[in-house]
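In the two assemblies presented below, chain A is common to both, partnered first by chain B and then by chain C.
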Partner chain A sequence: MFLQLTLGGLSQGAIYALVALSLTVVYRSTTVVNFGHGDFVMAGAFISYVLVVIAGVAFLPAAVLAVLAMFVLGVLFSRGLIRRVRGGPHIGLALMCIAAGYVLRGIARMVWGREVLPMPRVFDIEPIFIGNLVITGDAVFIIGTVLVLLLTLFGLLAFTDLGKMVQAVYQSPRGARLIGLNVELFDDFSWGVGAALGAIGGILIAPVSLLHPDLGASFLIKGFAAMTLGGFGAPFGAVLGGLILGVAEQYAGAYIDTSLIEITAYLVIVLVLFLRPQGLFGRKAVVKV
Partner chain B sequence: MVTHDTPTDPLLTITDLEAGYGKKPILTGASYDVRPGECLTLLGANGSGKSTSLNVICGFVKVTAGSIRYRGTEIAGLAPHRIFRHGIAQVSQARDLFPDLSVEDNLRLGAMRRGGDSAAQTLAGIYERFPRLAERRKQATRTLSGGEQQMVAIGRALMSRPGLLLLDEPSGGLSPQFCEEVAQIIDSLKAEGMTLLMVEQNLNLAFRAADRFIVLRDGKVVDGGDVRAMAGDHDAIVRNIYL
Partner chain C sequence: MKRLKTVLACAVLAASAVTAQAQSQDWETEGLSDDAITIGVMGPFSGNAASYSKALIGMMAYYDKINDEGGIYGRKLVAVQEDTACDSAKGIAAAKKLLSQDKVFMLQGNSCSGVALAMRPIIEDSGVPWIVAHAVSDSISDPLAKNIFHGVPTGSANGRAMAAFVLSKPDTKKVAIIEHSNDWAHSYSDPARAYLEEHGVTPTEELTMERGETDATAQVLRLRQDKPDFIIAALYEAETAIFLRDLKKYGLGDIPVMGTAGTDLENTMKRTGDFDTVKNYYVIHSYIDNLDGPKMKPWADMIHKYYPDEQLSTFSFVSIGSAEALVAALKAVGPDLTRSKLIDALNQVHDFDTGILSDPITWTPEDHQGVKGSAVAGFVDGKPTVLKAWGQPY
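Moving on, here comes the complex of A and B:
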């Protein structure tokens, strides 16, 4: 049972990791916490739903199209709205994100109301049996996809010139401008990548869950919890935080009380901020006086 | 409009430049030029517009009036990354390095948008100039001393093979021993024909390194001349700066 719970937790945690990482990508480059990010996740899932169920597109091309659409939406959101309020009070940025998220949610509600929609199952992978452990096709697909995605992303960041430039912008926007980088363009790109990664999270969860216009809210809080646990702004921390959260939910639900699953993320936020505010991989803020 | 410069043309010409932060004007009609191969030092009391001058040239501070021409091309109002591509690099007061990246990554990044064709050769030259950086090439820059970080900042700027190098307080916060090293670095850059525009509070270093100086007060040029012609009369310049 322990291994089964761990596997289920990792599968769920992989989605949280993706959501937390996408929040971190935007936060690192722009220092903006995208409070509307959950709705970007929802939008990605719904675009793939429309393409698969209504337009009859096969799942994989539909997923690619949905991710591309969300990338473009993220870039446009940054260029059109975020750039306008940058340099102003931080609350303006937060409100812009919340408002944009609610607009996306509102559009989904206008079309589908509060209906709960089933996405047809698309993974036809046979479960693997190892003793008592059952590795479902869903888990294989989700963990496999997230793993490939993360390895590609971290590999790009660590070993390519583009990755070094992204890190440069993260670490010192002014320094990046001093070496001729167009920081605003990188910011737009980060919003695009953040929205696309969030959308992948939504698309992966869609076939194994139920879709509804409010599903983003739960992903947002899980993403925040994973970010808090891993350390704000630490990409690897966000991933690890997501995986730990997924597993913790499963253990709490199975060994203590199922109702704990719903509040594990909130408990994690409270405990981490109380015991280790910088999270597992974040740096402690030092204020020189 | 681009004009072809002759050997006697200034590399950089600033005319009636006005700029500031928000509604607060800092430069209020400054005019000066920088000639090829020279080191010009900007002097002045705090708030006179020295560092703002460098930041305006690099595009970090918005120009409200006036002109900045580099090699005959108007660059006032361009974004920092575009100005950099014209060949103007700055070593800023805060250095603005990438703290978690290695020394080598910081240096290589300097050539990613300009000077990339000869990056390997330039990097070798920088390691030759700063052997300490070669020893620490794999180290994260946040672990270096202030002096070593200044070397990285200068090296990073040189990686783009700039036509004009702006130095903002290169000795700021450094030990007297390293100030001497900075002076030697500037000497060697001048010997190689690099054009330098420098802001420096350390007057000994400023007068040692510079060919010419100008004094800014309230955002305008109020004095200037040849450093050698003023030899032995630095007190007069100091009086002009602060009194």
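Moving on, here comes the complex of A and C:
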């Protein structure tokens, strides 16, 4: 049972990690927490649904198109809406994100109502039984995809000039501006990447779960919890936080009580903020006077 | 002088009594004319839960059928619709409007239990007869209100029917329950649990799966250790599909699962994507036949006669049975109709076979929850089949 729970937890946790990472990408470059991000996850899943089920496009090209569409949406959201309220109070930015999320959810509700939609399975293969351990195609696909994606992303951040530029903008937008970086463009790009990564999370979970307009809400909370656990602004921490949260949910549900599964994320948020507010890999906020 | 005062006082009292009697007589026949009986029909005709209003469309189609046949003693059944949008505040406003402004003779309808519960105090105070035609919460009609009659199986009737079906499978000893932690799920699971206990069966595993959960691994692994003979699942549509998928994924697809009336076989199969996942899934089914079966066809034709564009669903038929009972009671009263007489006649409805609901309607002065059971639908030889008990077609 332990191994099975760990595998199931890692599979779920990989999605949380992706959502947390996409929130972190935006937060690192803009210091904005996207409270509407769950609906970006949902929108990505619905775009792929439309392409696969209605337009008859194969899953892989449909997924690529959906991710591109969400990237463009993220960039447009940043240029068209966020930039205009950037100088104002932070609450304005938060409300703008929530409003955008609700607009996306409203559109989905208008089209599909409260209908629960099935997405065809990507790897509809028979599970492999090794003793009591069941390895499903879904789990392999989700963990494998997220692993490749994370390695690519962290490789880009660690070993390329692009990564250095991202770090420069995160550490000091003003300094980055002084050395000639177009910070506004970086912001737009971050919103685009954040939306695209969130969309990948939605696309991966859609065949395993079912689609409905409120799908994103729970992923937003899980993403926040993972982000809090890993440390705000720490990409590696967000990923690790997501994986730990996924596994913790399974252990809590199986070994203590299944009603704990749903509240594990909230417990994590409370405990981390109480015991180690900077999370596992975040930096302690220091105010110099 | 003293005598004069006494006489005057008596005259005033007599006049008041006459006025009160006249007012009472007016109240008794309010909303009634020589050619019409006005019936307030409340329901979610708009909003997210608008699909539930199909129940009221079916019911109004039945009114139309009765009207085409000449009505009841020359009176047509005239529906006055009010939209609740499945929202308690709007529901209360709708009930007040129907009672105070439209002054309908009686009420029939309402699909959302929360809204019906919010309306209950106003309607109970008014004394106007109300037949609850779709909402299932027991609290709408229990404790008893003399003017409120429940015309569909309540949550407890369904919950007990679920447990009865589970125990009708030979050698069922170990039963597990998985449910949401909300009132809706408890309205099924609590009576089911009580029924099991009455029959000496204590659930061996009680699990929670919350709304929005996208994975049931932990729950299924606990079930794998427990090895139940039957699982009762009080879960909404999406979670039911996820649970059944995970059950099959971890090799437990052969354990039968009993679901609520909130899901149906056809749509659950659509959501899970294959027959193998739902082959052992059973659901509460309030009708005598499959929705596309020959016994339901006349009702489907009736709805389409009056509402040609109506898309039929499982909700479309649920309120017709109580409309039939109403018509029977109105006929029993005779042409000299009053609200009190109608309430008395409804209390006399006994073992009324609707020809559509799987169980008869019985109302007594002590018990207004009229439908005490439900059939079950499951796949037999790959086809959705209505069952009385395990292996017994209806």
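The rule is short, and it goes like this: the second predicted complex is superposed on the first by the 279 of 289 C-alpha atoms of A that agree within 3 Å, B and C clash if a C-alpha of one lies under 4 Å from a C-alpha of the other, contacts with A are read in each partner's own complex, and residues count from 1 in each chain.
Operating definition for what follows: a residue touches a chain if its C-beta (ideal position, glycine included) is under 8 Å from a C-beta of that chain, and two chains touch if they have at least 3 such contacts.
All values derive from a computational prediction rather than experimental measurement.
Aligning the shared chain A places chain B and chain C next to each other free of steric conflict. Once the two complexes are laid over each other on the shared chain, residue contacts for A:8 go to chain C alone; chain B is not touched. In the superposition on chain A, contact is made by A:118 with chain C only, not with chain B.
Of the two partner chains, chain B is the only one that A:161 touches; chain C does not reach it.
One of chain B and chain C touches more residues of chain A, and that partner is C.
In the superposed pair of complexes, A:217 makes contact with chain C only, with no contact to chain B. By the touch criterion stated above, A:180 is placed in contact with chain B alone, chain C being left untouched. When the two structures are aligned on the shared chain, A:84 is found in touch with neither chain B nor chain C.
Here the smallest spacing between CA atoms of chain B and those of chain C, following superposition, is 38 Å. Chain A meets chain C in the complex at residues 1, 4-5, 8-9, 11-12, 109, 113-114, 116, 118, 120-121, 127, 129, 132, 134, 136, 205, 208-210, 212, 214-215, 217-218, 249-250, 252-254, 257-259, 261-262. Those residues of chain B lying in contact with chain A across their complex are 58-60, 79-81, 84-85, 89-90, 92, 94-101, 105, 108-110, 112-114, 156-157, 160. Residues of chain C that touch chain A in their complex: 48-49, 51, 178, 181, 207-210, 212-215, 217-219, 221-222, 224-225, 237-238, 241-242, 249-251, 270-273. Residue ranges of chain A in contact with chain B, taken from their complex: 161, 164-165, 167-168, 171-172, 174-183.
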